[in-house]
Structures are given as structure tokens and as C-alpha cells.
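Sharing a structure here in C-alpha cells format.
Naming follows writing order (A, B and C), and every chain is counted from residue 1.
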């Protein structure tokens, strides 16, 4: 097991497009880091650069303290799992699992025992004779995982491995992955575009946007203490509500040139503290999600989303006032998007 | 209602097959067992059923065996050569810069869409003993000039070369498309696992393209058995009948010498040989898709 | 031939223009009617090839024969004023010519995939190549063997290259370069030489009658005949049309258009035919033409003869073995004809060519 360090990593394509911009990142020995960001922000490029599948333009990458910039992928002691599983269609599960060992000319008997052991661990032992097209999505991804595990990597790279699976299977696989990480104890970098997956899986989360790292921190900090408007908007579902200072209509805070934000699950139907703030508007729609209701209100043309306990008194098109505590209010600089501290 | 609607739907297709495949086939089969020739055309009273006599005649006909040997040679040498060249060019084209790709693809595909006659005539010039470019090149590197179309052995080689040159572009396009369908991640994994270029080719590219190669082999085999235009234009079957293909022989017998009975027997033999080859190929496992 | 298909389909035209073998095929099919000669001055050889069972089934329209095209300048350089008249002299001439040629040049061009030259050599002999009313092959006779030996020697002695006509790049250009000194060909090449070579090269080529085994030799008669189909409902009109097409004016017009030589002597006395020095040899040769029997199998037999010659020249087979083999094959091909003749002689017509009794 080893740590992973990226230092001032740039990746420029065609001399113009900067896909990765000054990436600095340290994944500690045995840590599970998740990388999240919108489509096209450079997540795959980041992972492929670590793997050595892409050459970086400048900067350094260290694995276990060793600079790997000039090493071939197979020399970097990494393993990778792709979204589309990348199983060889003409090989059985067994052959797919054994591919790397065979390529490295490992003795037949060793291959046999190691493949079987991994297959048992992943519940694939009954499927060893099947071809990928005869497997379910989960089984395919498990096979891809098994193939990566058989590399005995120091750093495990996963590029959206679960995004082609349906939701229940995805959460089941996610639990399996976490268990696996715990038992193998290896350094993992997990790429996803799904922020909830990133939060639930990662010991630390990297938020990436347009090739730049926006924030690296624990899931709690990322959620509760976003460094900028992008992280605040990207993390959490439904996304944070943004309000201009006029709408908030409060004189208590007279910061210039800021935009306020409040998370939908922090909006309440009643006032709790004396200094609670409120905003009111017309109810545009009420959506029942079972245990909670999701309400959209329109205020001066701005749309706010709230998550509240079911309340039969609520009617569409009626005026509603929503309350929230001062501590739940975030402020961001209007032009830079940087977080601005509010005195509480 | 339900029970007859199914057959009803396939009826038109079956009728077309009967009209364009079965009836002509039976017609040729019937004709091959008669003495149909110019005298029969003069008076139908001369028509006789002669059973397998035409087949027996062909069995003792040295020219028929020669044509079989020539055609078989072109099939056995030409099909693997075409597939190899198609594959090499497809992989080459997919690996070069996209800017040049179109140019090469067009260049390699051009022979396929050119008229065979035009192609053969161009090759006639290239292969000319005294003035041809190929012999000039041979002489330039201190090799002897060769009598390409004048020597029985070389003529068969020349015909095979032209056939392959004319045909490989088609396979190349198909294989290039199939190659593009292979996800790049498969090669990424191979690189991570430390498989080299040669290993990637042999254990990923070729096996995955195997079903496509199998299909192309089938098409090529069927096409090359029907070798006709190349020897017709390049050598007219000569020298000494060395490049006479089965179809060319059939053409001579049927349309030049009016021996339709014998020509039909030849057609039947060619058909059976082709069936045999297709059957053989179907029963050789080349495809992982069929499991 | 498309006309055979048309006859088979029961839908032939009124008139057609056909070659000699095709004429025999159509007569075999009883598809065309006899018609008396429309003029008195046809070349006898040309008229003769349309005669079956004593009746004329075609009207010669234009004629064609084979003779020598050669390079007079190179011949002179080798010390000869004109081409030889006998085979022996011709051989000597070619051997002498070879000495003044460069490497890769040959005294003679005789494409081995063409049979006309060998047919002419065979025709110059007394013994026909088929016997018993063209029921059997008769190639294995001393005279044909002599012809084939003469032919073979041209190649084995290196006087002619053993190549097929498709191995030429450009015959006329190659003749003008001196790649070949003699070439046996037909009248259309007069037009081709003039069309494809610049006018200044007109003096580079000349024509001469065929040499023969013992003196000026015969050549074959080819060309095209008009036939009238049995099914035609306008036979009188058809005859009138043919008569019109054979008038001097039209015959000369055809020559100007295509270079095809008139089948009647009349137009030859008029310009431009009369004044053309290169046509003189043709005029003389046409008085000295002959032909073998015309039967539907003829082209196949000639193709077989050509292949037999190939076996001798390229394959190294002996002349004796080749002629025996050829007779065996020809006998095979004529089996159907023999059967038909055994039943009913009129069903298998034979033109009064030179068949052994």
C-alpha cells in the first residue's frame, strides 16, 4: 500500500485546451478518495494520467514516494476499473481474470489458485466459464473488479465503475466496494459524477470543475462548509437555493455584492429562534416523496426549493413563509464565487 | 387465423426464392443431364437425356481438372492473402493521423469500386515484360525481369495478385469499422497489465475481429471461386490454359462452343464446391460470438 | 453469338451480317435462306465460303485476309529488297534480319493466343485438317505437322517471342520502334497504322502477300456476309437492300468509313482503293484465298489447334504428340456431328471447303 501525490499537474491538449489545471492532491496510504465533478471536468483524464495512460504536460506524480512520470502503466503498480467494465468479450470470466497474470507469465498453477480465490471472494466462482455477454451488469463489474484486484496494486483507480448499473444494484455494489476497501486496505481513487456517491463513499472528497480542484475535504466539511459557490451548488440534492440580498430583505447583514445560499432541507415551516430569518412566496408545486414533501415557492421570480414534513394545510398557489436559522445561511462573493464569512 | 398468418407472411419471400434460386437451379441441374448443344437448338428432336454423361466427360477432361486446380489455387492463396492485407491496412489506417486517414482509405478502397476490366488492363501494362513498371523495379534492384503473363506459374501468381489487390479494400473498410467498435479501454487494460503490442494484436484485436474475418473469408471464398473477369482480360485463360478458371471454362463451353449441357454440369460442380466450402467454414469455429 | 440466342428465342431480325463460322451455325439451325449471288464479280474465295450443299446462303459484303505487314527499311538493312515468297527463304530472311536488331527486338510477331497465322500455314497445305466430311480430325498428317514444325521453329529459334497479344503495350508504336519486323495481320491494321502513327512514319511499314511452302502462298478468307432469315416477312426488300449495299458507291463508302475491303472486284478499280500502294498486296492475296470447311465446331477446333501449338512451344511437347492429342480432342468435339450425320446428312451442313474425300 502506498500514498499517492500529485503536484502541480497540468494537462494541455493540442497546446490550447487545459484539461487539468494545477492539480495538487495527496491521498494517504490506504485512503479512499472520491473525485466528483460535472461531465467533462477532467475526472477521467486525471485518473488516466495517474495510471500513465496519458502523458501529463507538467507537474509530478508520486506513488509510494516514487516519481512515476516516466514509468509505463504496468510499472506504476496501479489497477484500474472502467465504467464500461472493459472485459474482453472473447474471453471467459476465468480468462479475463487470468489475463494480467498470463501476460506477466505467472505459472499456470499459481494463476489457477489466485483466480479461484478472487472469484470466491467476489462470488464469481460459478460463473468462471461464462462469457461477459452472459453476465449481468453487476457480475460484469465484479469481474472487472476482480481483474483489477489480481494485479495487487498499490493504488486502485476506479472510473465511474457503477454508473451503468441500476440504483439498487449500485448501492449494493457500493457497500461491497467499501467492504473490499476495508479488507484490502489499499489506496483508492474513486471517480464519479454523482455527488451523493462521492459523499457516501469517500473518506475525503475532491471536487473538480473545469480541470481545477475546487475543494478537498471530508464529506461533512464539503457539505457543511463549501469553499465556494460551485461546491455549494454541486454538492447536496436538491441543490442549494440561491437568493439575492434584496429577496432576503434583511437589514441585519449589509454585505456588499454577495449572494446568499440556503439548503432546501434547512428551510422550516415555523420559526424556532428569535433571530431566525424568513422568506415568503407563492407555492408553485408540492411533490410528495413519501416521508417528506418537496415544495417549490416562487418569490419575485426566484425559485426556492424546500424539504418539509408532510403538512395537509399546504395548498398550491397559496402564500407561504419559510424560516431558517442564521447559521444555515451561506454567503458567496457575486463575481468570484468565493465563500464570504457572515457574522453569526 | 393465427396458424396461417405466419406462413402467409413468409410466402412472398419463399416465392421469390423459388423463382430466382430454386427454379433456375433445377433448370441447370436438368440441363446438365442432357446433350443440349447447337444441334439440339436446330431441332429439338435431337435432345436426349444422357444422365451423368456430362459429369463423366468432365471427370476425364484434363482442362476441367486444370481449371479446378487453378481456381482452387487462387482461392487458397488469395483468401488468406486478402484477409491479411485487409487486416494490416485496416489497423494501419486506424493508427495513422485522422488527417491522412481519409486519403489512405480512399486509395485502398478505390480498386474495389473500379471496373475489373479497367483494373485488369492497367495491370496488363504494369506486368508487361519489357515496358512494365514491375519488371523495371525488379531490374532496378538487380533481379531478373519476369515473364509475368507468359509463364504458366507466374501468370497464376499475377492473377492472384490482381484479385487480392482488387479485393482487399472492401475487407479493409469492414475491418476498420469493426476495429473502431473495440473500446479503447480494452487496450488500456492491456497496457496496465503489461501486454505488448504483439500480444495486444494476437490476444485482443485478432480474436475480437475473428467473427468479422470469418464473414469476410466466407464472402471472399464465394467470390474467388467465381473468378472470371481477371483471367478473361489479363490472360484469356492462357498460357497453356494455366489461368483458365472454372467460370471461364464454363463460359467457353457454354457461350463460345454452344455446349450448354457440359457448361451446366460445370455450373453444378462449381455450386456444389462452393456449398462444400461454405459448409466447412460454418462448421469450423472461428467465432466467439457463436459460443 | 447473340443471333443464336435470337434464333433460339424465335425472334431473329430480317437481315444480319455474320462471319463465316457463324454462317455455318445459322445454316445448321435452318435459320437463313439461300440467295443467288447478286453480282458477277465477287472474289471467288469469298463467294465460296457461303456455299452449303451447292447453294449460296450468304452474300459477301466485305472481305478480309491475312498477309504480311513488315518494315521495308529494316529488311533493306539486312540486305533484302522485298519479303520472301517461300517458307525457307522467309526463315533465312528472318535469321538475317535478327542480326541487325537490338536485344529485345524480334524479326516476327506471332501472338500465341491468335490462331489465324497457324490456320493460314495449315491452309497452304494440300491435306485438310478434317476428314470424312469433317467428321474426324486429321491434324496428324505430315503436311500439318510440317506447318506446325515451321511455326514452332519460329519461336524455338528465337525469331518470334512466345507472347500473347495482350502482352503487347502498343503494337503499332512497337512496330515503328522496330520491336518487330514482320507481323501477319488483316486489312484493318492499314487503318490502324495510319491512325496511330504520325504521317511521317507512313514509310516505316508495308504489306506483302503471304509466303507459301513452295512459292507465293494462299491465305484465309474472312469477312462478313449478309444473310436473310427464314422467318423474315420482307425478303424482297431485304434482297433489294443487300443489292444496294453492294453497289460500288456503297462499298467504297464502307471502305472509307471502316477500312473494310469490298467483296467485289469492281470497287477495287476505282479510287481510293486503286491508288493505295499498301492495298496492292491485299488485292493480289484476295485472288489467292481459300478456306477450310465451315462447321459450327470450327472456332472450337481452331482454339484447340492454338492450344496444341502452345503445348509445343511453351510446354515442350513433341509435334507428333500434339497433333495426335489434338485429333483425339477434335474427334470428341465432332461426336455429336457424326451422330447427326448418321441420321440425316442435311442436318449437319458442310460448306464445300477443302475436305478430304
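As a convention for this text, contacts are C-beta pairs under 8 Å (C-beta built on N, C-alpha and C of every residue); 3 or more make two chains touch, one makes a residue touch a chain.
Source: prediction; values computed, not measured.
Put simply, the chain farthest from chain B by mean CA position is A. When every chain is represented by the mean of its C-alpha atoms, the one lying closest to the mean of all protein C-alpha atoms is B. Taking each chain's centre as the average of its CA atoms, chain A and chain B sit 56 Å apart. Inter-chain centre distance (chain A to chain C, centres taken as mean C-alpha positions): 90 Å. The centroid of the Cα atoms in chain B and the matching centroid in chain C are 37 Å apart. The touching residues of chain B, when paired with chain C in their complex, are 35, 37-39, 41-43, 46, 124-125, 128-131, 147, 149-150, 152, 233-236, 238-241, 252, 256-258. Contact residues of chain B toward chain A in the complex are 183, 185-186, 188-195, 199, 203-204, 207-208, 210, 288, 291. For chain A in complex with chain B, the touching residues are 48, 51-53, 72-74, 78-80, 82, 84, 86, 88-90, 99-100, 103-104, 131, 147, 151. Listing the residues of chain C that touch chain B in their complex gives 4, 7-8, 25, 28-30, 104, 112-113, 162-164, 166-167, 169, 179, 296-297, 299-300, 303, 307, 310-311, 314-315, 333, 336-337, 340, 347-348.
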